[in-house]
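In the two complexes below, subunit A is the common chain; its partner is subunit B in one and subunit C in the other.
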Partner chain A sequence: MNQNVFLTIQKLASEKFSISLDLIEPSKDIFTTLQINSVDVLSMLTDLENHFSIEIPDYELQDVRSFEDLTNVISDRL
Partner chain B sequence: MIISYTSLGEAFHHSLLAKTDHIGLLEVNRNQLTKKLSYQDIFDQAVHTAKHLQHHHFKDGAHCGIIMSNQSLWNTSAIGVFFAGGVLVPLDYKLGPEEHIRLILHADLTMLIVEYPIWHRLMKSADFEKLSNIVVFVTEVPEGKDIKHALHLESAASNFSFVMKPRQPEDIATIVYSSGTFGRPKGCMLTHANYLHQAQALAQLFPVGKEHTYFSFIPTNHAIDFMCGFFLPIMHGSKTIHQRTLRPEFIASTISEFRVTHMALVPMLLKNLETKLKNQLSSLSFFSKLFFRIMLFINQTLTRSRPCYKLSRVLLFPIHKKFGNHLQYIFVGGAYTDPVMAKFFYDIGFSVAVGYGLTEAGTVITVNDLKPFRHDTVGKPLSITQLKIQNPNDAQIGEIIAKGPTVMKGYYKDDELTSQTIIDGWLQTGDLGYIDKGHLIFKGRRKNMIVTSGGKNIYPEDIEHYFQSLPFDDYCVLAGSFIWPEQTQHRDELFLVYYNEKKTIFNYAKAIEEINQLLPEYKRISYALNFTKEFPKTATLKIKRPVLAENIAQSEIVEMIKL
Partner chain C sequence: MKWHFDHPILHIELNCEPCNEIGMSMLSFFEDFLQQAPLENAKALIISSSNAKGFSAGADLRSLYEGLTYEPKKSHKEKIENFIDRIHHVLDTLDLLPIPVIAVTHGICFGGGFELALVADIIIAEETTRFCFPELRLGLIPGFGGIPRLMREVSNQTIRDFLLTGRSIQAKNLPSLVSQVVPSGKGLGIAKKMALQMSKFDTNVVQIAKKFIKPEIKEKLHEEKALFIKMVLDPKVQKALESFVQDTSQQPYLPK
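And then the complex of A and B:
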């Protein structure tokens, strides 16, 4: 797993959804950890795309559950 | 008159060729317009699909599935199936691959049209080999990607022949599955006549024309979008726009830039919108808020008997500007709609037409005609639909039953369930309500099925079987709205209620959380609820869920753990 990408996701998610950094771990489920729904995840994805200057189609999120899954989807596009 | 046609294929054929220069479909990806199709283009693409189907020996009345996110190819492919004389089986693109395969096989598909990302997931499924006998057309395949035995829909078909296949009004047009696939698949067989009558009735209530643009946001396999975003626009010369991403910021810009006049939403999305608007309104300065309240009062007064969007967009210009200043109608359905929320949108000048319906009856059984707007009801029956309340109690609340030309033919391959659901032509909805001055007041779903505010139907057995291995003595899944129907808190949350008679020492919360990882978001358990008495049951040992829910709501000894 790309550690730099994960740390970026961790920081952004923590700030966006007011969750403590130490609660965001690679294996944790995004929805339950951040207490958000799929619309909020898409909004976070846009922020991440802008940060990394990439574009990720919505359908690539379909199998994403954990922060590690999201890290891998983004890393694949870098 | 729409009902003068004999089939959807004939209706599309005639309407597309009558207005070839009209723009029918727009497709946007983020901020870029990527497709602009005239009615002639739509016709040509539909014929292209029909040619492919017929070239591969697609028979009259054969079943062809479509699995795609909202896009112009969905619409043109579906019309192609109708041109080729087929039965369309539109599947929800958000289901998992195993559920897709199960429905594909149940529906006896001979052909399937599917977009590449979904086909890619199907190819990775352990059940993929079960699709080997189905002719599959995949769309927008990235260069160099292996699609196994499937074919490219976009490949040339100009040398193929095409014969328009006539269908009759009582022939099956579609087989539409309701959500929830484990247990009994419920494939509603809807005829061409069902759709034509439904379309005719809705067109009389909500006329549309060339100047209107519908934003297709709900999946087109859903009854509301199929009618409002796919069939009706083409019948009336208007256009439909698709946005290929569901990111909120791009949705908003699309509505504004392309002057959307109509859209359909499920209650959850409307709720998101309401929250954003209210947050923006609360951050206004004192004088801005005062001005807004004055304009709101004037708008409420002047639109009390019926909507007047031209007036509303002037009085409440800052809000309407955010929606492109052209939005007139928001159709809402698919799940329970908060009346207060519906009233909020009506008061700020958007005509929110709340309706009630089942897939088994086409799109709607009742809909608000806004003459005047009643936020507390789900509207009046369509002119072609009879509505009754069966076995009413003292409060006149009973089961809603409906009869008319939009009621389905039956469930595919399930005569037993059909005979239980349609009795002497009356559709037994399984829902509760009562009639007030001609309007239906909806009280709730009587069956176990859970409907989220996002319009998702959830069957408890879909979820319960995942927890079979846990050491409960008894358990079931209930929705918050089922336990506390009068409250909005916990409404969409799922509770795994269990009984542990043997007092087995076990970390249920942790085990349930782990199993949650296997479930899609909308099916996940939010609370583990330890019910400390035996579950109430029938003589045949079925759990009496309403009684259990009542016990939970009234009990003070229940232990509840948030997951």
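And then the complex of A and C:
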């Protein structure tokens, strides 16, 4: 897992959804940890696309459950 | 949902839960607006949403599913044709209004909501906007005139990307579709300034200019409508709608 990418996701998600950094761990479920719905996911997707200057098609998120999964999807495009 | 006239600007504000779905209630609202609003005295129309989730999530699929499930099968075609004819009439009328129409989008702008935004002459997109045509996920194509209208604005390649992947694309990646990408929460104010600028111009010249730059797409709209009606009556669509309606995962706007 790309640690830098994970740390960026951790920081962005923590700020966006007002949740402590410590609660965001690679193996944790994104949806239950952040308590977010698909509108929030799409909003975070836009932030991540802008931060990393990449496009992330939302269909690539279909199997994403954990922060590590998301880190890997983004890392594949860097 | 409401509209008001702040001379010389008309403003439609969409706001119904969960995310401005377009069903009978929204359709009636627009029909009433077109009958009652002082269009002849207006110099511009702004369409925006005050729903936090976005501009609109598209057609009211729950109502469509209920109609196809609980109403007599023999009435389906007639009822769907009636709804589609009426929504096309509304969107065609908005599209061809003699005054400039500005859509202010944010968040979710999917399916029928995207089709509504496409009648506008100008789209001001807040940076959170994501446009999407998810219809193929249900075994359909867009049915409110979205494909022919999108064909006026972007390349065929982009349309294929939208339709054939069903993915959502953020506003800043669609420079030929949106006029400006603006910070979150600033869209309406920016649209009002734009509308006031537009209102300084001669009404007849605006009308001529608009007619000249918006090509006739009647034939393509008719084709799309016929294809949609044929597809929506397929039992596979009803099955897909059932899955959508029964999904309780809180993730209705993501592909599955």
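One rule holds in what follows: the second predicted complex is superposed on the first by the 78 of 78 C-alpha atoms of A that agree within 3 Å, B and C clash if a C-alpha of one lies under 4 Å from a C-alpha of the other, contacts with A are read in each partner's own complex, and residues count from 1 in each chain.
Following the convention adopted for this analysis, contacts are C-beta pairs under 8 Å (C-beta built on N, C-alpha and C of every residue); 3 or more make two chains touch, one makes a residue touch a chain.
Since we're looking at a predicted model, the values are computed, not measured.
Peer 1: With the two structures laid over each other on chain A, which partner does A:Val39 touch: subunit B (first), subunit C (second), both, or neither?
Peer 2: Both: A:Val39 reaches subunit B and subunit C.
Peer 1: First (subunit B), second (subunit C), both or neither: which does A:Phe17 touch?
Peer 2: neither
Peer 1: Would you sort A:Phe52 into first (subunit B), second (subunit C), both or neither based on which partner it touches?
Peer 2: In the superposition, A:Phe52 touches no partner, neither subunit B nor subunit C.
Peer 1: Examine A:Arg65 and indicate which partner it touches, taking first as subunit B and second as subunit C; both and neither are also allowed.
Peer 2: first
Peer 1: Identify the residues of subunit A that lie in both the subunit B contact region and the subunit C contact region.
Peer 2: 31, 37-39, 42-43, 45-46, 55, 57-59, 62
Peer 1: If we count contacts the way the header does, which residues on subunit C are in touch with subunit A in the complex?
Peer 2: Touch residues, subunit C against subunit A: 19, 53-54, 107-108, 127-128, 130, 132, 165-170, 172-173, 250-256.
Peer 1: Touching residues of subunit B toward subunit A in the complex: what are they?
Peer 2: 30, 69, 94, 117-118, 121, 244-249, 269, 272, 513, 516-517, 521, 524, 563
Peer 1: Taking the touch rule as given, give the residues of subunit A at its contact with subunit B in the complex, in rising order.
Peer 2: Those in contact with subunit B are residues 29, 31-32, 37-39, 42-43, 45-46, 55, 57-60, 62-63, 65.
Peer 1: Would you tell me which residues of subunit A are touching subunit C in their complex?
Peer 2: Contact set of subunit A toward subunit C: 31, 37-39, 41-43, 45-46, 49-50, 55, 57-59, 61-62.
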